[in-house]
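Two complexes are shown next, each including subunit A; its partner changes from subunit B in the first to subunit C in the second.
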Partner chain A sequence: MGRRLKQLTKRNETYVSLVVLALCLLIEVRSGQFFTANNLVDIASAMVVPGLFAVGTFMVIVSGGIDVSFPALASLTSYATTKMLLDAGYTGGVWLPILISMAMGALLGAFNGIFIGLLGLPAMIVTLGSSSVFKGVMQGALGSVQLAVIPPGMRAFGTSSLFTATNPVSGLTSRMPVGFLALVAILLLSFFIMRYTFFGRGIYAIGGNEASAHRAGFNTKRTKFLLYVFVGMVASLAGLIRTCMMQQNHPTNMLGMEMNIIAGVVLGGTAISGGAGSLTGCMLGTLLIVIVENSMILIGIPTIWKSVFVGALIIIGTGVSAYQVVRANRVRSTRRLTGESKA
Partner chain B sequence: MADSILRAVDIQKSFAGVHALKGVALDIAPGEIHCLAGENGSGKSTLIKIISGVYQPDGGHIAFNGTKLSRITPIDAILLGIQVIYQDFSVFPNLTVMENLALNSELSDKRKIVNWQRMRKIAEEAVAKINFQVDLDALVGTLTVAQKQMVAICRALMFNARLIIMDEPTTALTRKEVDALFKVILRLKAQGISILFVSHKLNEVFEISERFTILRNGELVITGNTRDLNSSRFSYYMTGREFTDGQFTAENLGGTPLLEVKNLGLSGAFEGISFVLRGGEILGITGLLDSGRSELALALFGIREADSGEILIKGKGARINTPQAAIEQGIGLVPEDRLSEGLFLPRSISDNLIIAEIDRLANRFKVLDKKERAREVDRLIAEFAIATPNPLNACQTLSGGNQQRVVLGKWLACNLDVLVLNGPTVGVDIGSKHDIHGILQNLARQGMGIIIISDDLPEVIRNCSRVIVLKSGRIVEEMDAAEATEQAILSRMM
Partner chain C sequence: MMTKYAGKKPGFFSRVDQHVLRLLLVMAVWMVFMALTRASRFYTLINFQTMASQFPEFGLMSLGVMLCMITGGIDLSPVGVANLTAILMALVLKQLTPAVGGSLPIYAIPLVFLLGAAIGACLGVLNGLLVSKVRIPPILATLGMSELLTGVSIVITNGAAVSGLPVEYAMTVNSKIGALVPVQLVIFACMAIIVWFLLNRTTFGTKIYLLGTNPQAARFSGLKNDRLIISTYMISGITAALGGLVMLANYNSARANYGGVYVLQCILVVVLGGVSPTGGKGRISGVVLAIVLLRMLETGINRFPQISSYYISLIWGGVLLLVMVLDYFSNGRRYLRWKRKMPF
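On to the complex of A and B.
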C-alpha cells in the first residue's frame, strides 16, 4: 500500500487530477453551480469532440510526431460529407455519413502518413502543409459556405440523447448526447491498441528510439503510416459528430483548436519528445482545458479573459511537470554521488 | 570439423572509391574471447557490419561454423547466432526492462497481440541466464549505463547466440562495472559462446582476451596470442609509429599560484578541497566515477558554483559562479563529453575554433571581422595540426582525436592561464592521445597551469607533476607523480 501510494506521487496523472479537483471545488465554492447534474452533463457533452481529437493527438505525440492538421482534416471531411449528402437528398440514418467521412479521413490521414511515415519527413512541417492544403481544398474547390441545414439522419443523431439531467434549483436541463458513446468506444479501442497490440507498443518504441525500434524488428514505416491513417479516421469522426451536435456545418469554426488540444495532451503528462504518456493523463488534461473553457463564466471571469486563463494554465501545468522531472533527476544523481543506491 | 566458429577470409570492401577493407582475415574459435583493435578509421566497424550482415563484402567470404555464407542479411546473422551489442545498446529508455527484453523475440515470432504474462516470463528467463539482478518493472532510462548494457546482453542471449560482438563495451563504465562485465563475459565463454571484443584500450585487451587481431588503414596488421603482446608493441601495431613517452617534470614553476582553492565544497559532491596550482605545472586529479571529480571540474568552471570555501586567482579572491566569470578569470574547461558539452558538431570547424574569442574578433561595429577570423582559424589549425581538407567542414566530420584538438584550440585562442581537462583522451585513439599529451606538456612549459582530471592512471602518472586522489568527495592523498605508481594510487582510490 505504501509503495502504491509512493508510485502515485510520481505519476503526472495524480497531479493533474488534483488540479482538476481543486478547480472544480473552487468553481463550486464560488458559484455553487459546478456539482449540479446539468453542469456535469454539459461538461461531459463538451468533452466529446476535444476528447476524440485528444486521443489522436496523444497517439501521434507518443510516436514522437506531432499533428496540427486534424482540425482542417475534420472540417474538410465533415463539410464534404454533409454537402455531398445534402446534394444527393440523403434521408437515411447516421451510419452512412459516419462511414463516408471516416473513409475520407483515412485517405487524408494516409496523405500525412505517406510523407511522415514512408518518406520520413518531419511531422510538424508535413502537417502544417497538409493543414493548409485541406483548408484550401475546402474553401476553394468545395466553395465552403455555412451549411445551416444538415441531413435528417445526422440531425436525429445530434439531438438524440442517452438521458437528460435537470437542475432541481434552476430547472435547467442538459442532454447527454449519444455521441458520448463514440468517445467511450474510441477510448476503449485506443487503450487496447496502445497496451495490448504490438502495433501500439511499436508506437511507444518508435517514440523512445526509432533506430532501435527498427533494429528490434518493428516495421517503423508501416507503423507510422497506419498511425496517421487511424488518427485521420478518429479526427474525421470527431468532425462529423460536431456537425451533428451543432445541427449545422460551419466550415471554419474548428480551425485553431489544435493548440488547446495539444496543450491538454501535454498537460496530462504526455512527453512532447515522445515515448511516454497515458490515455488517462491525456483525458485528464483535456478535461482540465474543457472545464476552464466552459466554466470560467460560473466564477465570474468574463469570457474575454478566458484565453489568458487557459494560457496561464498551460504554462503553469507544463512547468510543474517539467520541474518534477528535473527534481527526480537531481535526486537520482545526488544519490549516485553519495553511493546510496546499490541497485 | 569446425575448429573456428567464424572465419573471414580476404575480405574486401570499398565505399565510393575508398578502400575500407583490403583483404582482411579474422579467425575466432568457439568459446574464445577475441579482441579486435585498431584506431578510428582502421576498418573495425566495417568488418563488424560485414560479419553481422549489414554490409555485403566486395570480395572474400565468411564461414560460420564451417559453412560458407553468401549474401546474408542482419536477420540471417541473428538466426545463425551472431549478435552485435552496439555502443548505444539499442534499448528503449521509455519502456520497462521487461518489455525491452521481450520485444525482440515476440516480434520475431510475428505476434500481434501483447500477452504481458508471457512477456514477463521471457524477461525472467533472460535475466536468469547471467544471474542479473534488476527490477523488471523499472524504466530502462532510470538504469545506469552498466545496467543498460546488461539488458542488451541478456537480450542478445535469448537468440541462442554463438558469437557476441561487443562494440567498445567499456567506454562509459566505471572500473567496478568493467570487472562485473568481464565476469559475465567469462561466464558466457564457459557456456561455449565466443566473444569478439572491440576495443582500443590496451589494459582491457591484456586482461580479457586470449587472442587479438589489429587492423590499421583497412589492412590486417597482426593476429596472435595476447600473451605475446606488450604495450609498446601494441601501440606500434595500432599506429605504425614508435613512441618514446617521457615523464613530464615541471620546469620553471611560476611564483604566485595561478589558482588556489581553499576548503572548497559542494553539497552532495565534494568537501574540504584545497590545492595550489602554479604556472608551469600539470596537476592530476583522479578518483572513481563517484568521487566528485567531475563535479569539481564543473565547480572550477562555474557551471555548478561551489557552496563553501574560496577560490583565489593569482592571490586574489574571485567568485566563479558562471562559465563567463571563469573565462574572465582566465580559466577554461575541456569537458568530459566533448560531443555534447564541448563542441557544436554540425557547425564548421572554424566556428568551433573561434567561439570562445568571438568578442575579440569583432570590429568596432560589433560585427565579426571575416579576415581576422580566417587568419585566426588558419593559425589554430596549423598550430594544432588539425587534419582537415577544409576548415568550413562540419566538426562532426573529424575523428575523435581531431575533435579534441579543436576543443583545445578553442581555449588556447583566448590566452588562458588555467586549463581544466576532464577525461582529455576518453575515446581518443593512441596516436592522437600521444599528440594531445604533447600539446598539454608544451603548454605547461610555456607557463600555463593545467589540471588533468582522469581515471586513466598511466596518463595521469606520465603527464602530471603532482597527483591528488579523491575518494567520496574528499582528498585522501597528494603525491609527487615521480614517486606514484598505479598500485599506490589505486589502493587510495578504492
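On to the complex of A and C.
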C-alpha cells in the first residue's frame, strides 16, 4: 500500500487530478452550483469537442511532433461537408456526413503526413503552413459564410440526447449529447492503439528517440504518416460533431482553439519533447481547461478574465513540471559532475 | 571558411546566402509580373509609400522572433506584447492630452516610445526568465505569456477599443519625412540596423549563434546561456512593443485582439528568410527581404479585385511549404540534422 502511494506521488496525473478536485471544491464552496446534475452534464458536453481534439494532439505530441493545424482542418472539413450536403438536399442520417468529413480529414491529414512523415520537415512549421492553406481554401476557394441551417440528419444527431439532467433547485435542465459516445469511442480506440498495437508503441518510440526507433525496426516514416492521417480523421469528426451540436456552421469560430488544447495536453503531463504521457493525464488536463473556461462565471469572476486565467494556468502548470525536471537534473548532475541535459 | 577560400576571394554568389538569392529571384519574378499586368496601379509612388508604412508593424515583431529563433527558441508572444503596450500607451497619451483644447506636449511622443520600449523590455525579460531559469520550453512559455497578456489587455479595456487619441500622435508617426519616406519605415530601418549590428558586429551576435547551434558547447565555452537568452527575449519584447506603437498609429486606436494573424506571419517570414527553426542560422538580409516580399505579394494581389483577399493565406501557407520542400530537395542532408535536434 505504501509503495503504491509512493508511486502515485510520482505521477503527474495525481497532481492534475488534485488541482481539478481543488478547483471543483472551490467553485462548489463559492457557488454551491458545481456538483449539481446539470452542471456536471454541461461540463461533460463541453468536453466532447476539446476532448476529441486533445486525443489527436496528445498522439502527435507523444510522437515528438506538434500540430497547430487541426482547428483549420476541422473547420474546412465540417464546412465542406455541411455545404455539400445542403446543396445536395440531403435528408438522411448522420452516418454519411460523418463518413464524408472523416474521409476528407484523412486526406488533409495525409497532406500534413507527407511533409512531416515522409519528408521529415519540422512539424511546427509545416502545420502552421498547412493551417494557413486550409484556411485559404475554406475562405478563398469555397468562399465560406456562416451556415445557419444544417441538414436535418445532422440536426437530429446534435439535438438528440442520451439522458437529461435536471437541477432540482433551479429547474435548469441539460442534455447529455449523443456525441459524448463518440468521445468515449475514440478514447477507447486510441487507448487500445497506444497500448496494444505496434503502431502505438512506435509512436512512443519515435517520440523518445527517432533514430533509435528506426534502428529498432520501426518504420518511422510510415508510422508518422499514418499518425497524421488518423489525427486528421479525429479532428474532422470533432469538427462535424461541433457543427451538429451548435446547429449551425460558423466557419471561423474554431480557429484559435489549438493553443488551449495543446496547453491542456501538456498540463496533463505529456512531455512536449515527446515519448512520454498518458491518455488519462491528457483528459485531466483538458478537463481542467474546460472547467476554467466554463465555470469561472459560477464563482463570480467575469468572463473577461478568462484569458488571464488560462494564460496563468499554462505558465504555472508547465512551469512547475519544467522546474521539477531542472531540479532533478541539478541533483543528478552535481552527483555525476556532468553537464546539463537540455529539457 | 579561411581554408576553403585560401588564396581566392569569394565571388559574389558564393557570399550571398542561397535563401537571399531565392527571395530576390521570387521578388524579381513578381515585380516583372506586376509590371506586365498592373503596371499603372502597382508602380506608383503612393503605392510604395503605403506598403512601406504597412509592413513595419509585423516587420518589427519579426525581427525579435528571428533573434529568438537563432537562439533555438521561438517567441509566440509579440502580438500580445504589442497590444498590451499599445493599450497602455494609448491610455498614457490620453492622460497627457490637456482637457481643454490644448495640444499634446512636445515631450509626449518620445516619452511614449521610451516607456513603450521599457514595457516591452520588461515583458521580454519575463519571457526570458521563464525560458532560461524555469526552463519551460520556449513555445509554451511564450504561448502562455501571449494568452496572459491578451487577457490583461482585455481586462484593462473591457474588451473594447481604446480610441479618441490625440491626433498629433497618429499624424507624427504617419507623416512622411521630406514628403517621401514614411516614419514607420524609418523606425523599422533603425531597428533592423541595430539588429544587424548586434548580430554581425558584436560578440553578442556571435554568442547567440553559438548558443543556437549547440547550447552545451556554448556553456562549456564559458558563455552565460541564461543571461544571453534573457537579453534575446528582452530585445524581442522591445521590437514587439515598437511594432505595437506603429500599430497604434496606423489604426489610431488600440484593442486586445488587433493583429491576430501576425504571429503566424512573423514565423512565416522568419522561416522564409532562411532562419533555421532549430537555431544557429539565419541572416537579417533574408528576413528583411521576406518581410518586403510578403507585403508586395499581398498588395499585388489586392490589385486584382476579382481575387478574394482570403487567397492570401492560401498563398502564404503554400509558399512556406514550397520553400521547405525546395530546401529538402536541394539540401536534404540538413533536414536530417533538423530532425535529430528539433523536438517538433
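Methods note: the second predicted complex is superposed on the first by the 325 of 343 C-alpha atoms of A that agree within 3 Å, B and C clash if a C-alpha of one lies under 4 Å from a C-alpha of the other, contacts with A are read in each partner's own complex, and residues count from 1 in each chain.
The working rule: a contact is a pair of C-beta atoms (placed from the backbone, for glycine too) under 8 Å apart; a residue touches a chain by one contact, two chains touch by 3 or more.
Since the model is a prediction, treat every value here as computed from it, not as a measurement.
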item	value
Which of subunit B and subunit C A:211 touches, first, second, both or neither	both
Subunit B versus subunit C as contact partner of A:130, first or second or both or neither	second
Which of subunit B and subunit C A:195 touches, first, second, both or neither	first
Which of subunit B and subunit C A:148 touches, first, second, both or neither	neither
Subunit B versus subunit C as contact partner of A:276, first or second or both or neither	first
First (subunit B), second (subunit C), both or neither touched by A:88	neither
Partner chain(s) touched by A:266 [first = subunit B, second = subunit C, both, neither]	second
Residue contacts with subunit A in the superposition, subunit B compared against subunit C	C
Common interface positions of subunit A, toward subunit B and toward subunit C	211, 274, 339, 343
Parts of subunit C lying in touch with subunit A, wherever the complex brings them together	74, 130, 134-137, 139-141, 143-152, 154-155, 158-159, 215-216, 219-220, 260, 264, 267-268, 271, 277-278, 308, 310-318, 320-321, 324-325, 328, 335-336, 338-340, 342-344
Interfacial residue positions of subunit A with respect to subunit C in the complex	61, 64-66, 115, 119-126, 128-137, 139-141, 143, 210-211, 256, 259-260, 262-263, 266, 272-274, 304-315, 318-319, 322-323, 325-326, 339-340, 342-343
Sites on subunit A touched by subunit B in the complex	195-201, 204-205, 207-209, 211-213, 215-218, 271, 274-276, 332, 334, 336-339, 343
Of all residues in subunit B, those that touch subunit A in their complex	74, 88, 90-95, 99, 103-104, 106-108, 111-114, 134-135, 142, 144, 268-269, 290, 292, 295, 472-473
